[in-house]
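Two complexes are shown next, each including subunit A; its partner changes from subunit B in the first to subunit C in the second.
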Partner chain A sequence: MEHVCELTGICKQYRSRKTVHEVLHDVSMTLDAGEVFGFIGPNGAGKTTLLRIMCGLAHPTKGKVVILGTDLTVRNAQLPTGIGVLVEYPSFIPELTGRRNLQLLASIRGVIGLPEVDATMELMGLDPANRTPAGRYSLGMRQRLGLAQAIMEKPRLLLLDEPTNGLDPQGVAELRSYIRHLADQGVAIFLASHLLNEVEQVCDRVAIVKQGHVLRQMSKNDPVPYRGFDLQVSSAKDWSLVQQWAVQHQATLAQKEGMQGGMVGTAVPVPDALRALVQAGASIESIIPDRDTLETTFLQAIQEEKK
Partner chain B sequence: MFIHVIAQEIQRLLSRRRFWILAAVLAGVFVYEIVVMDPQLANPPSAPAAFIEALKDVLHWLFPFITGVAVADSFAIDRHCSWASFVLTRGLTRRRYIIAKGLGMTIAICLLLTMSVTAAGIAAVCTKGLSPTIRTAEFGMINAGDHALYLAHPWWFAVQFAGVHLLAATAYSTTALLLAVWVPIPFVVSIIPPTIFFAATIMLPETAWNPLGLLRLETGTMSGRFLYFLVWLVVAAAVAIIAYGKQEDP
Partner chain C sequence: MRLVRAIRYECFQMFFTKRWWGVPVVAVLLSVITAQDQLSAYEQGGHMAHYRLAFNAWDVVVRSTQTWLFLLVLVAPLLVIIVGESYLRDRSSNTMSATFPRVQSRTIWWTAKVLSMFIGAFVYMALFSLISLLVSSFFYPFAWHFSSFQLHPELVRKALVMFSGENTILMIREETPFLLLLHLLPYSTLSFGTYALAALTLSLRVHKPGLPALLMFGMGLLEFYAGKSSLWPPLHSWVMQTRLSYLFVNQTSTSFLINGTPAYTLSTSILYYLGLSILLWLTGNTLIHHDDL
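And now, the complex of A and B:
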């Protein structure tokens, strides 16, 4: 199957008179239809540069970029249609309304008309009848308008750079579910972000990048190491029941100081442990599995890279 | 797609408040020049000749200023908003984008000039009693060749006069655009092109192919003026298109 996007050995260097600054080093990845790929890293890691290379706004110093079957590294390559791009902090012609801005952009390709523009604005929580010039939009509204211009022409590949910038919690939740909805419809989505929580919740695969180097690539289907759970019970009596259960199952306990709870190190899955403890009569306040999150993996990868 | 981007560039510039302020200022300068000009000092001493002289006096030096500001404003929008990225990610190549942008800017500048000259014409009619048709004998301050052409074919002469100015506007705006490729700060963009134009025209001897002299119809023939601005435009456009095509961040 042909990938929607295929990057091979991408390097990007900026040269000044005396120095060569490498922004991306040997980045390779593929992205398929219906997949959400997260590209995460600290500020200045090269996320935006890679996104700009993928949409033809910048050229790689080395490597091959094939987008929707078109090799963008070939001289005079024409960017294929079917790409939607949200650049970081999108801003529009300040004197025109949001609707007029989108209308002008839609006229370039000419594949959609005003009804589709209005529908996309409404989908993004914007009022097409709003006469306020785009220059007076709040950061969140600009972001919504930016998202609208990226998705309005029904792209097959959507490139999003920090899409939740400026959005309120409701907007973030709506965007998250919309990204999943688009992916379910077969749209390939590349999401560059430094917000780990945001990426973890929507992405099928993730690459961790630092200073232009991809440190790790992971899939949500990869097995996640399980170490036990963080348990909180109601009373000292309950905790003693937990201690008994731990002895029976050769689990380790690390009680939190002054609390009826702590870390339970065991291979017993959370549902089984919970069932057994409840049957033993323990009153459970909370139980949280102790496994690697994207945040712990990210920090671990950064630490390893430092060493 | 290309035509749409040209139209967008015009709409974009026309949507700017400062563009209309510039048109108002320009019209104000024209009107002021026409109102204060003493017809007795014109050659021949008449209101129509005074109008033409005022027009020629103002137009040639305001050209660099207008193009500088218009180009700077266009680049200011590009740098302060993501419009270029939005357009380029819709499949237009950077070179075609800059060509479309240049054409759009030129048309917008010509619209601005037309509006200002119209305001000046109305002011002249109201204040000096200028007749709607300027009598041939009153069209002074031009060299013998141009005068003869004007007397023989007044409308053809008018078309050529406007055409030279259109070509000059294109050459100026393309040069300003070229200079703007390497200048990251919009404010500096607006200062540099007019400064360079002024410096160049002051340093060039009056008797040489000085663009100010050409636009004031003091030197050269009409075909020579066309050739002069055409060569200028071709050279500036070629360099600008190549330079801008290699840029990555408009």
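And now, the complex of A and C:
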């Protein structure tokens, strides 16, 4: 099957008179239809540069970029249709309304008209009848308008750079479900962000990048090593029984001073642990599986890179 | 079609700024004031009346395009900043990420930018002439023909003999205002458009705002120096031929005469500007294919 996007050995260097600054080093990845790919890293990791390369605004110093079947590294290559792009802090003609801005942008391709523009605005929570010039939009509204321009022509590949910038919690939740909805419809989505929680919730695959180097790539289908779980317990009749059980089963016990409660970390199977703790007179408040989150993986990868 | 739509977007982006609309108004007011001062000086002493010479609104329009000092020092740099820095504005505002994937081709994107420079120049000059004519009509009678002052240069030379040595009595060869506009608009469009294009092409490599204005100022100095000194003749000739710093000032390129002496012709100037524009388009096209946008 042909990938929607295929990057092979991408390097990007910026040369000044005396120095060569490498922004991306040997980045390779593929993105298929219906897949959401998260590209996460701290500021200055090269996320935006990669996105600019993918939408034809920048040339890679080395490597091959194939987008929707078109090799962008070939001289005079034309960008294929079907790419929607949202960069960080999108900008519009400030004197025109949001609707007029979208209408003008849509007129360049000429594949959609005003009804589609209006429908997309409504989908993004914007009022098409709003006469406020885009220059007076709040950051959140501008971001919604930016998203609307990226998706209004129903792209096959959607490139998003920090899409939740300036959105309120409701907007973030709506965007998350909309990204999943688009992916279910077969749109390939590349999402560059430094918000790990957002990426974790919505992405099928993730690459962790630091200073242009991809440190780790993983999929949500990768097996997650089971290390046990944490139990929050309280109101033990006899706290010493809980302590005794913890010692016997090599469980960790974190207790606040003077409180009849705490956290028990253990690898004992859940039913056995629950039974024993209930017998010891403990109330189970919550059970949290102890597995790697994207945050722990990210921090681990960054730490390993430092070493 | 994509090119036409891309040009439309570029023009909207250019025209929907307050600065864009402010510049022609400022230019007209400054130019009309200066032109009117000149005409008032001619009227002093009653020599004009003696030879039955009179002005009409077109005399102000003609002279308003000649007030090169304001155009060179104040208005033109401002206008060139507005259009010539269009690429730098796109870069700083992230606009290109929305437009370029729709335009799809670097050549089309660049061509749209280039052509929008000339459309901008044309609209500016058309607006300038229209407002100039409207304002002038408050001071002098409007007519569909030129005044007796323009139509009888031999009488003007007799009436204003004291001005003849100063090389300031401007006469035009065009017989009707329509012909004047027919020459003035395309010439000005080409000269100003080429200048803005030079600034635009430079900004592809030198990402410094204000450079177009600096370039313009430099050209003005060069021309001033070339006009005052005995430079190597071909260089002098080249500088006078380009007259980029004059922008809208058409005295050397339409059939304007200064004290009856014709300078360069309209056709040679148009060829020069066309050639220069094509060269700049080619240079820019090579650069944008090589560089990141």
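Following the convention adopted for this analysis, the second predicted complex is superposed on the first by the 261 of 307 C-alpha atoms of A that agree within 3 Å, B and C clash if a C-alpha of one lies under 4 Å from a C-alpha of the other, contacts with A are read in each partner's own complex, and residues count from 1 in each chain.
Throughout what follows, a contact is a pair of C-beta atoms (placed from the backbone, for glycine too) under 8 Å apart; a residue touches a chain by one contact, two chains touch by 3 or more.
The structure presented is a predicted model; accordingly, all values stated were derived computationally and were not measured.
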| item | value |
| --- | --- |
| Side-by-side fit of subunit B and subunit C on subunit A, or clash | clash |
| Contacts of A:V20 with subunit B and subunit C, given as first, second, both or neither | neither |
| First, second, both or neither for A:A129, with subunit B first and subunit C second | neither |
| Which of subunit B and subunit C A:R75 touches, first, second, both or neither | second |
| Doubly contacted residues of subunit A, that is, touched by subunit B and again by subunit C | 52, 55-59, 76, 78-81, 83, 85, 87, 89-93, 95-96, 104-105, 107-110, 146, 149 |
| Touch list for subunit C against partner subunit A, complex | 1-2, 5-6, 8-9, 12-13, 16-18, 93-107, 289, 291-293 |
| Subunit A to subunit C touching residues, read off their complex | 52, 55-59, 75-76, 78-81, 83-93, 95-96, 104-105, 107-110, 146, 149-150 |
| Subunit A contact footprint on subunit B (complex, rising order) | 1, 4-5, 8, 11-12, 15-17, 77, 80-83, 85-93, 248-249 |
| Subunit B partner contacts - residues on subunit A that touch it in the complex | 52, 55-59, 76, 78-81, 83, 85, 87, 89-96, 104-105, 107-110, 146, 149 |
